[in-house]
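Below are two complexes that have chain A in common, paired first with chain B and then with chain C.
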Partner chain A sequence: MNYTLDFGPVIDALPSLLAGCLGTIGLAIGGMVLAIVIGIGGVILRDSRIRQIRWLVLAFVEIIRNTPFLVQIFFIYFALPLAGLRLDPTPTAIIALGINGGAYAIEIIRGGVQSINRGQIEAGLALGLRKAQVFRLIVLKPALRAIFPSLASQFVLLTLTTSVASAISAYELTSVGQRVESESFRSFEVFGTMTLFYLIISWLLMRVFGMITTRYFSYPVK
Partner chain B sequence: MSASSVSEPHLATKVMISMTHVEKWYGAFKALSDINLSVRQGERIVLCGPSGSGKSTLIRCINHLEAYQKGRIHVGGILLTDASSTINSIRREVGMVFQQFNLFPHLTVMQNCMLAPMRSLGLGKAEAATTARKYLDRVRILEQAEKYPAQLSGGQQQRVAIARALCMRPRVMLFDEPTSALDPEMVKEVLDTMIGLAEDGMTMICVTHEMGFARQVADRVIFMASGSIVEEAPPAQFFSNPTHERTKKFLGDILRKH
Partner chain C sequence: MGHDEFLFLLAGLKWTIGLSVIGFICGGISGLGVALARTSGNPVLERVMKGYIALFQGTPLLMQLFVVYYGLALIGLKLDAWVAVSIGFTLHASAYLGEIWRGSIDAVPRGQTEAAEALSLTYLPRMRDVILPQALRISLPATIGFLVQLIKGTSLASIVGFVELTRAGNIISNQIFQPLLVFGIVGCLYFIICWPLSLFGTHLERQFATSTR
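Up next is the complex of A and B:
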């Protein structure tokens, strides 16, 4: 080992690496918001009265969960333009992350909804609330509480998966890092620093999820 | 007979609930067969019978938690159909108390009581809060208003559940074995609350095996078996002089237990 560490290029590139971190966080937040919307919407539609809609949700979940994320993001970025839908790398990445995370979120949130006692729903209905109100006001919060740890770890995974978006040159930490590395050849320093940054981002995210748990899900249960 | 004539004067002649030739099927299983029941305003009915006799199913048909397939149910003069607008307007008139309380765990006692009046009746927050405090006070649990359900005992939870139903100002209250899930020492506080409600003239149908309650409060006791109404009579007559074999056997079983 006569490799001498030289963090000079990393320090020079620090502003763009930090900007890359912000890009990563942006993709992650966008992806998570979309995933939550798809997750909750999918859970509602999965129990739709219309059989075709139920099948559509089921097919969506199966296709997304059984294919690689890289192929999904390539499909949106390279294949959809041939069908007339052309998107920039960043929106592409957010949509791909949201769709991918959403498919997992559907299954996770569904588990939470199924854990809710039927009596809760009946009590809501007996009080004259409509079905949609019962779901929104009575079922949703306890259901999310029940599965929040699973959802949180799925979202940490989603955040780390943003690095795959470097394959379509979306603006995020991995693509910035790769550029810095290819210009400086300081692989150890650059990828080491990126590792540290990803760790910090994950850790921050866990802190945020912890705060959400305390703030919204801390009501006492038996 | 004398007991019934004493308890008659509070009854108006107005029919609150009527069930005619009601049938309920679960697939090929007939859960209710040819149910005919008329409940007048202010009347207190106790429904009893062995488990699986259809008594819970019967009261759950009244607010359409269960659909029925044949016959007619009228609540407050409205025919209960499968139309969701009709179902909802009837549910707003009919309060229900469940065996398992079914309070919403993520809401405080106060919020449990305010949710439906605000979201279903469209009451403002202040008005809903006033109503909630009034009924929580009435079930003597106002001091627990800011607690969550899990912080209360079973008896307290059931009293909150009664208050929550009353906040909708229903014209009828249905009780589905309200004391069956309670520890023995908590049964009384819930029954006392129900007795108070009966004394105030609430129309009530109670599925319960609390025969002391039936004796004290009921205008009529109805005995069900195998999805049918087998016998109905004022409590004095029901307990001292049941006519059907199945009623005698049931009373023998249940009274031996106590």
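Up next is the complex of A and C:
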């Protein structure tokens, strides 16, 4: 019980911890971009005329949403080399984050697309817009506005999930911190500081999402 | 993969379920406290609970487990790993469930509180007999959604060194060098528990959406 807190090792390691923060942000951004791509692709494929493809998307969403990310990242980590892709842990982590986030994004984006009035799509087609244009202008933008709050909170979760990527020693804050901890044995101080860093990162992210909402999605509905 | 390896995974599964149940029940009880404090009308209490929720929703579960794990050792408590991890999951769940249930309590129409007050019900019977039963119904889909999240979250206890399903998978995978097979099976086991719960949650949500239309 005579433990005195000593933040000396943490302060010494501050530069590498801050670099780890940048790694975390990089993982998060990479994961988000990939998640959006998979999300939009999945929503399009979900309405495919081929039944097997529709089922495949459904199965993908259910499997990813009902298994832990840690198991997924291990699986992908070992599966990619078999598929002929030899990647470093960090790109592997981005792929895993994108796949995980993508499954949630499909569900969220689908909800937004369903909220679009069918009549507007028909009106767009009647005006001679091509299918891609209808999707981009009439379906996507209003849908984005409708889903942005849930997408944003999903992305905050994704950012926090990046810490799990330390399990395959991808370059991010948690794995950097674990190394500092194992060299200094100042476990509580190191993990306490990292927790604070994560809090700041997620707070910043929420501010950015708030700004995007005001900038792009604050137009009157009618 | 032989019979013994599979039994080892099932032993890990037992701990995964155990941790989830402990976290959900203890977290549920303290989460109710958080939700009630958050809607109490006392500004200091509400501010404190808001901070508590923001802290747990703004940091990774893995960090929470680490900090609780080493923090408890720091204040001189020598606890078994499973107790320390359970405390971590309880705190995590109390913040998330507290926020879900706060939303549900707020979603009960204001007139219900006013009617209860007009009938001169005091705080306890008003909450117990009028507000909370309605809030429970509203909160059920989100609560089940969080339970699935919690079950998946228990996999992180493996990083702290606790042997549950994922850790058991790691151990077996290192023994028999068939990671894809092992983690495939581990994933299936999680799926078998989580999927029915998810379906039930979606079902309730749909039912609720039609009944209030």
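Definition applied: the second predicted complex is superposed on the first by the 215 of 222 C-alpha atoms of A that agree within 3 Å, B and C clash if a C-alpha of one lies under 4 Å from a C-alpha of the other, contacts with A are read in each partner's own complex, and residues count from 1 in each chain.
Note that in this section a contact is a pair of C-beta atoms (placed from the backbone, for glycine too) under 8 Å apart; a residue touches a chain by one contact, two chains touch by 3 or more.
Everything numeric here is computed off the predicted structure, so don't read it as measured data.
Partners chain B and chain C, once the complexes are superposed on chain A, both fit on it without clashing. Within the superposed three-chain model, A:Phe188 lies in touch with chain C and out of touch with chain B [touch as defined at top]. Judged by the touch definition given at the top, the superposed model places A:Ser16 against neither chain B nor chain C.
By the touch criterion defined above, A:Ser150 lies against neither chain B nor chain C after alignment on the C-alpha atoms of chain A. Shared-chain residue A:Ser163: touches chain C; no touch with chain B.
Aligning the two complexes via chain A yields an angle of 110° at the C-alpha centre of chain A, spanning the centres of chain B and chain C, rounded to a multiple of 10.
Look at A:Thr213: by the touch rule set out above, it reaches neither chain B nor chain C.
In the superposed model, C is the one of chain B and chain C that contacts more residues of chain A. Within the superposed three-chain model, A:Leu82 lies in touch with chain C and out of touch with chain B [touch as defined at top]. In the superposition on chain A, A:Leu137 makes contact with chain B only, while chain C stays out of contact range.
Contacts of A:Ala123 after superposition: chain B is touched, whereas chain C is not reached.
Note on the superposed arrangement: chain B and chain C approach each other to a least C-alpha distance of 22 Å. Once the two complexes are overlaid on chain A, none of the chain A residues touched by chain B in the first is touched by chain C in the second. Interface residues of chain A facing chain B in the complex, by the touch rule stated above, are 117, 119-120, 122-130, 133, 137-138, 141-142, 145, 219-222. Chain contact summary for the complex, chain B toward chain A: residues 63, 65, 84, 88, 91-92, 94-96, 98, 100, 102-106, 115-116, 119-121, 148, 150-151, 161, 164-165, 168. Chain A makes touch with chain C in their complex at residues 1, 3, 62-63, 65-72, 74-75, 78-79, 82, 156, 160-164, 166-167, 174, 187-188, 191-192, 194-195, 198-199, 202-203.
Residues 55, 58-64, 66-67, 70-71, 73-76, 148, 152-156, 158-159, 166, 169-170, 173, 179-180, 183-184, 186-187, 190-191, 194-195, 198 of chain C touch chain A in their complex.
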